[in-house]
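Below are two complexes that have subunit A in common, paired first with subunit B and then with subunit C.
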Partner chain A sequence: MLTSNILKGVTKGFPLKIKAVKVENVSVDYNRDFVARILQRIEYGALQSAVKDLGLNESLPETMSDAMQQDDEFLKLMHKVLLEYEIEEGELICPETGRKFPISKGIPNMLLQETEVS
Partner chain B sequence: MFPTPDLSHFTRNDYNEIYEPDADSFLLLDALELKLNKILEQKPFIILEFGCGSGLATTFIAKHFCPTSCLFFAIDMNPYACYSTRRTFHQNNVHNKHCLNIIQCNLGDPLIDRLSSKIDLILFNPPYVPTETSDVKEVIERTYAGGKQGIEVIEKAIEQASRLLSSKGLFYMVALEENNFDTLKELGNQVGLNIEIVLKRRTCIERLFVVEFQRN
Partner chain C sequence: MSSSETIKEIVSKCEDTKETANKCEVKQETVIKSDDKVEIVTTIGDKKNEVEEDNSVVEWYNGLAKAYPDSKELQFMNYGYAHLDQDQDAETGQCYVQLYEQVIAGKTIKDKDILEVSCGRGAGAAWCVEKYSPQSYIGLDASSNVIELCKRNHSNIKNLSFVVSNASKPFPFPDQSFDIVLSVEATHAYGGPKAVRQFAHEVARVLRPNGYLLWCDTCHIDQTGSSIEYLTDGGELIVEEKVNITKNVLRARDIMNKSGVEFIDRVIPMNQRKLWLDFAGMPGSLIYENLREERIIYWRAVLTKK
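After this line comes the complex of A and B, so read on.
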């Protein structure tokens, strides 16, 4: 999930839409400082879209305030959403061009054809 | 001397698909170790490797240069390299401590917008051997074909690094004598990066060096 929050598509394509075929739940040790640091680099709106795309049964607060970034309960939720859901098979879709980027064995293929490079 | 990460999970067949670590790979590790204190001082949090191949350098950093959990991005055009990097990361037991994101792509293309000025450490052992053009179709050939004067890929990597590096971020890259230090210096200057040579080594077939780029 974290990777999808960083990648962008062909031109201005961000956030990429996610179509997941197979999502895996992995268990990662909770590290408060690590999650807090990552949150400073996250586009919260894009993360909300991703959670919706995947149809995850997780309710994220409407907005993320500074105070929430210190709150253990919220940090644990972010830990789970960002690090414990792995999209094994599926695709990322550029919202501008509709270009699809396949995800295979957990790794997104963002390679473009020569003709697509602006 | 830090031990080299365990690569015993690879077989001959794997090395038909990915670049087998060689003198250039080990020179990069030695150069990083030489700069250990400088790198530790930066407290790197986000680390990126262009052309991660076997995952040797990324795993080496994860194991020895990151006392706290870090965020790694490893990218390669070759899907086997992507899977291999994940295997090496797991084989060396650094996957529980750190978060590794692997992306199959051409240098940092899809990352540049979101990670602009955010990366603390970039590693690159580029395809530096001069060839007619860098547009090669064979996967394994891409691991060394660097284009005219071996510089095409390097030029693009330096330009991307100048956008990705954080204010004190460091970029380490392997180069070949034919790549010409003055050319690299000029390329760095054009995008606001200073360059210095960290380590040089002569192997039986080529003269290699590792350079460090940093914002000026």
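After this line comes the complex of A and C, so read on.
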């Protein structure tokens, strides 16, 4: 999920909506410092949308305050959401154009056609 | 990896890609240079050295990934860098990571956000992440089969991820997402000046202020501009440092010659042997001779945003 938080559609389209056909749970060793650092780059609103799009059974707090970014419980939740859900098959959808980018075997394919480039 | 002319030559002859070559209207001329030298000049469409949409290169690498997914000799696909005054170990492929080391040129990778464009099979990416501990590292490549290998081999590294995308079209990242963009021996294969300029524009867009493009590649000096000029003539990137590493690359080819030829003899069908020797830039190949005679220069450079 971490990669999907920083990919965007062709012009301004962000955040990409996610439609998942196959989601896998993976186990990743928890590294508090790594998660704390990554959180500073995350668009929290986009992450909330993604969790909602995927129908994950995780409840994220409404907002992410500075204090929360030091809280162990919150960091462990972020670790789980960002690193332990792998979208194996699905689509990323541009919110502006509706253009779909397939995800196959966990890899997003952002290849553009010639006609999509001005 | 090798000159775009050589790749087109290979594409035009390789049985697997005959269909692609036919669609591109490949023409070949045989020019007899001397008693023992024959040059085959290949033109795709009616533009020599320039292809509008260079899918032939992507399909070549897609084919290699499918045919030879596990060959350790193909994990890196750069020519390598060898120090001139030291012995180098051919077995460990030390030359290949040394090229990355040289391109990085001592710039800080630790805790930074890195994008490697045309990352190939990800061996360089995995090495960089282990050695330099960036905050995040994304490998991008237009070959979906190649990225599949990246995922298969390197998904255990949590801050390393991969995406299939075209280097000479808009990148799927917001403005100012990265501290460093790495480009190792790739821009020559993008299909000409227009593609390289588009790449440079996107690099400038996704780089943060004070960010770097760390780049290396072959440059033909008999064309109207070399790849370095195509990176800078858009006015968005400037060269901070530029080093001619041709001799080091040639030495790397010499050192890897024995194991490279052994791999080709062992794995590659006889009728493709010469193509592969050319592709790999082995001593005796056209690209090797061009580097030796400095008709092609191998540059590495550090570029910054203007």
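The rule is short, and it goes like this: the second predicted complex is superposed on the first by the 118 of 118 C-alpha atoms of A that agree within 3 Å, B and C clash if a C-alpha of one lies under 4 Å from a C-alpha of the other, contacts with A are read in each partner's own complex, and residues count from 1 in each chain.
Definition applied: a residue touches a chain if its C-beta (ideal position, glycine included) is under 8 Å from a C-beta of that chain, and two chains touch if they have at least 3 such contacts.
Since the model is a prediction, treat every value here as computed from it, not as a measurement.
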| item | value |
| --- | --- |
| Superposition on subunit A - do subunit B and subunit C clash or fit | clash |
| Subunit B versus subunit C as contact partner of A:Asp33, first or second or both or neither | first |
| Subunit B versus subunit C as contact partner of A:Gln48, first or second or both or neither | neither |
| Partner chain in contact with A:Gln69 - subunit B first, subunit C second, else both or neither | neither |
| First, second, both or neither for A:Phe14, with subunit B first and subunit C second | both |
| Partner chain in contact with A:Ile107 - subunit B first, subunit C second, else both or neither | both |
| Overlap of the subunit B and subunit C footprints on subunit A, listed as residue numbers | 2-3, 6-9, 14, 28, 31, 34, 37-38, 41, 83, 104-112 |
| In the complex with subunit A, residue positions of subunit B that touch it | 45-46, 68-69, 71, 73, 77, 79, 82-83, 86, 96, 99, 101-106, 109-111, 113-115, 118 |
| Contact set on subunit A toward subunit C in their complex | 2-3, 6-10, 14, 28, 31, 34, 37-38, 41, 83, 101, 104-112, 114, 117 |
| Subunit B-facing residues of subunit A, complex | 2-3, 5-9, 14, 28-29, 31, 33-34, 37-38, 41, 43, 83, 104-112 |
| Subunit A contact footprint on subunit C (complex, rising order) | 53, 111, 113, 135-136, 138, 142, 144, 147-148, 151, 155, 158-159, 161-166, 169-170, 172-174, 177 |
